[in-house]
Amino acid sequence: MDAPDLTPLLSATLLISCPDRKGLVAAVTDFISRHNGNILHLDQHVDAQENVFFMRVEWDLANFQIPREAIAARFEAIATPFEMTWQLHFSDQIPRMAIFVSKEAHCLYDILYRHQSGEWAVDIAVIISNHPDMSDLAAKFGIPYRVVPVSKDTKPEAEAAQLALLEEFKIDFVVLARYMQIISENFVSHYPNRIINIHHSFLPAFAGAKPYHRAHGRGVKIIGASSHYVTAELDAGPIIEQDIMRVNHRDSVEDLVRKGKDVEKLVLSRAVRYHLNHQVLVYNNKTVIFA
Amino acid sequence: MDAPDLTPLLSATLLISCPDRKGLVAAVTDFISRHNGNILHLDQHVDAQENVFFMRVEWDLANFQIPREAIAARFEAIATPFEMTWQLHFSDQIPRMAIFVSKEAHCLYDILYRHQSGEWAVDIAVIISNHPDMSDLAAKFGIPYRVVPVSKDTKPEAEAAQLALLEEFKIDFVVLARYMQIISENFVSHYPNRIINIHHSFLPAFAGAKPYHRAHGRGVKIIGASSHYVTAELDAGPIIEQDIMRVNHRDSVEDLVRKGKDVEKLVLSRAVRYHLNHQVLVYNNKTVIFA
Amino acid sequence: MDAPDLTPLLSATLLISCPDRKGLVAAVTDFISRHNGNILHLDQHVDAQENVFFMRVEWDLANFQIPREAIAARFEAIATPFEMTWQLHFSDQIPRMAIFVSKEAHCLYDILYRHQSGEWAVDIAVIISNHPDMSDLAAKFGIPYRVVPVSKDTKPEAEAAQLALLEEFKIDFVVLARYMQIISENFVSHYPNRIINIHHSFLPAFAGAKPYHRAHGRGVKIIGASSHYVTAELDAGPIIEQDIMRVNHRDSVEDLVRKGKDVEKLVLSRAVRYHLNHQVLVYNNKTVIFA
Amino acid sequence: MDAPDLTPLLSATLLISCPDRKGLVAAVTDFISRHNGNILHLDQHVDAQENVFFMRVEWDLANFQIPREAIAARFEAIATPFEMTWQLHFSDQIPRMAIFVSKEAHCLYDILYRHQSGEWAVDIAVIISNHPDMSDLAAKFGIPYRVVPVSKDTKPEAEAAQLALLEEFKIDFVVLARYMQIISENFVSHYPNRIINIHHSFLPAFAGAKPYHRAHGRGVKIIGASSHYVTAELDAGPIIEQDIMRVNHRDSVEDLVRKGKDVEKLVLSRAVRYHLNHQVLVYNNKTVIFA
């Protein structure tokens, strides 16, 4: 479920996955209510085929009787017997995002608006690009902009430089806002499920290069965009969000590119929002979206 | 959440609403897990503005230690202190549906298919119409068909005859599948939140007569359909489901009528499915859809 | 553009394609207006990349000064110098359709409704299946039903029997309404661009077998359906129409199958309608849809 | 049909409406082809009910034998006998746009991107607001920003000041990018069919104030946005474009406001594009969109 935009209250969110068995919801909700926590949102899902249980629960910390710094340790006692994998987040933690761009600005504008308007509780710590094209735009908004040129031969060095920047800027997660370079497995391993890409097709159709050209060649009546966590395999990571737009025979490749941008920017922004709100759980290269 | 189509297992579903307070989810889930019930689906919602709590929980009865005929009485002990309004349903109860039609067959065909194919666990007990037009179609599928003519003057008598038929056929809920007559407040009072209508506009636009003509006159670029529970006020009941279709200046009123039928039949069928699966809670003339 | 549903008037429709050059529209419209024809609909398209011109024009024959049987010969004088490929259709010609089905009935119900209600001006001459499952449904609607069993070994004989039936019933075009068999190149060659299939994915994603299983495995957030003319290559023919539906992590494979049916039947019916209205031109394995 | 984004060629576009009669298309296309013009796009529409003919035709001026400054006079000879109302546009004429804003920036960001990226061939000559809030954003992009405060009492003076600015900046058309003030009939009369508004509902539902609050109160499952030319009657002008987004019971009013912004900005931008490309004809308070 969507968390409200402007939460004056302080809340905690638990994201849980574990083998399914009886009593899981009762155990977690009892932990919260026993210590006087008021549940704001609760959602759960059981993958019956895989026998896996997933849960997201957010509660008001106002009168919660466990101090926030002690919650994790106390919850461990619940989590261990159920073999839970879990994350605990607090609503006043503002994550630090890096944006990677190349030469197309539509996703960046969309993100800048959401940041400036307060729609997202996030710090845009740095914009990294293989081209200088958007340094002016970054400067307009007072965001550090770093150019790291990438060529086939210098890729390892370039990625090392990028990783150093991510460390320097204390980055929590990365958004590839139409960054047109392939990310290496090594790079991905530093930010597992924390690099969000937007691919300009409805995956798995047209993975890889020039999807709009190929969509045009195939004569499809619908184009799309897919946002996913980046994994070692190109355009094959867990899909977070997808959407589409109708096209027809009148649309040239250039029309598909133009129309597609509107889908890309919205799909990417919805995916980033899910990530920011801790609404995403990844398993089996798929996502559970608690929305 | 959608219940699976073909549930070989026997399950119970609780639909609950009450004033929001701490411990509600814990109390209900503890009731289930303490008696060895395995939760299949759980969804809850809090209307923070109205301070109302809503919940739907479905659990496997396989090893549940309370006999099904005793569950309601035992749950009462949980429900009372929390001032819960609640319903308990079992997955092997097949509800009995009456369909009201006039002269348009598209929704009826769609429903007949879902019934015949086993997509819906429902008995179509009777089709009631103010016209004989669809008696052949009903006969083809072996469903009783009753004609109750309605005129302005005979409305009370007609409704009395219809109500008698609903009683005779032991009807649980009514689907108005493009039945073009207005239902009286008295009639509605016999089946509160159990009469599902499809209106051929995206409500609240174009409530009342001839919505496609009015949509055409206004030059809208989108038409829609809305399924809602019938209340005393025309086309003003709680909306269960809506959907839309794009149109343009080339579409005549007849085109809108034709295109709209495809939206109408899908929207109505989705609403009926939510009702059949006990996924709908009504409050404040709105619906919570646990889907 | 959509032709009106109920055309009391008699009209002619020309579908034209040829190398693009100046004066094409003027030549065709002059031919019509010079002989006192009133244009009802005109649409054209130029593929600038391929330098190909496409046109559909429909005109009222009421006061047209060339008798209908002489129109083709007279138009030849216009067409030849421009190297036009063209078709001429009259609105009172009712095409004869064969439907191929296997065991799923949703598309068939949808088609039967459109036929019965008069939405389509078409004769359903015969239903052909590799299974007897739908003979009852066909019988209910008085449509001849022929079972032609198909196995790996008997495919050539089966197709020969099917072709004989198509000839016997004087079939103009074939609709594969979830007929789950692959059609041979030889079979297709008898009805080029006259066999319409519905595939249960948004092509080119998930061509071939079990698309919903693969969509579920990939964790997509959108499923779709695609209607196309059948060619020698499986699921690779020119796409006529596509549409999609949102799904999420709660949807099992069975849910995708169920939800997908609603998209399939609408997409197939829209494609058939385009075909019936002579709104489709095929080139380069793509379609121009004059809608 | 969409004109290509980057047209290196010089083209002329005629927009025509007149009483329907035989020979209209032939007369216009003959005019073009006789003088060696190559038609790039042609679209026409007949409103059979009103007996009105509409046409948009765009042709390449490369080898057109009439000098561009003489085309209008020469076309007059065609237009007069048919009683045509018509406009002639050339592709190298860059219109001057004024944007009116209040305090919400999402539409403005979206427009600024399209302008900066070259997606639109338009000059943003001035931004006018009743609040100073967006002066910084305007300054970032080097666009003149003028504050004209508006109160109930000073409306006439404010509108006079705005009209003076529009004249000073030689404005061709106005975009109300979530400008929350009502425009007077007098103001509208200066720019008939040249003021484009975005209203945050699917009109005619929820015309007027606070549409998201009212949508939430009614419990709709779909919200929308509508872009229209402003007329004297509030939110009742000819609709250019509409689109929608699904919502559910979890969405608070604030969620509707946030989600709606994404629809608003895309719908407004599509409407502005149609206007820029001369794809819109207005009649009977409705639009023909040649797209």
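Letters A, B, C and D mark the chains in the order given here, with residues in each chain numbered from 1 onward.
To be clear about the criterion, a contact is a pair of C-beta atoms (placed from the backbone, for glycine too) under 8 Å apart; a residue touches a chain by one contact, two chains touch by 3 or more.
Just so it is clear, the model here is predicted, and its values are computed rather than measured.
A.B. asks: Quick check on the contact network: minimum steps from subunit B to subunit C?
C.D. replies: Tracing touching chains, the least step count from subunit B to subunit C comes to 1.
A.B. asks: I want to confirm something about subunit A and subunit D. Since they are copies of the same sequence, is their interface symmetric in residue numbering (over half shared, so same) or not (under half, so different)?
C.D. replies: same
A.B. asks: Measuring centre to centre with CA averages, how many angstrom lie between subunit B and subunit D?
C.D. replies: Here the centre of subunit D sits 41 Å away from the centre of subunit B.
A.B. asks: When the C-alpha atoms of subunit A and subunit B are each averaged to a single point, how far apart are the two points in Å?
C.D. replies: Going by mean C-alpha positions, subunit A sits 36 Å from subunit B.
A.B. asks: Mark out which residues of subunit D touch at least two other chains, giving numbers and ranges.
C.D. replies: 1, 45, 48, 250, 252
A.B. asks: Going by the contact rule set out above, which residues of subunit C touch subunit D in the complex?
C.D. replies: 1, 21-26, 29-30, 32-34, 36-46, 48
A.B. asks: Tell me, which parts of subunit C touch subunit B in their complex?
C.D. replies: Contact set of subunit C toward subunit B: 1-2, 4-6, 105-106, 109-110, 112-113, 116-117, 119, 140-141, 250-252, 254-255, 258, 262, 266, 269.
A.B. asks: Give the list of subunit A residues in touch with subunit C in this complex.
C.D. replies: Interface residues on the subunit A side: 45, 47-49, 202-206, 218-222, 224, 226, 238-244, 248-250, 252, 284-289.
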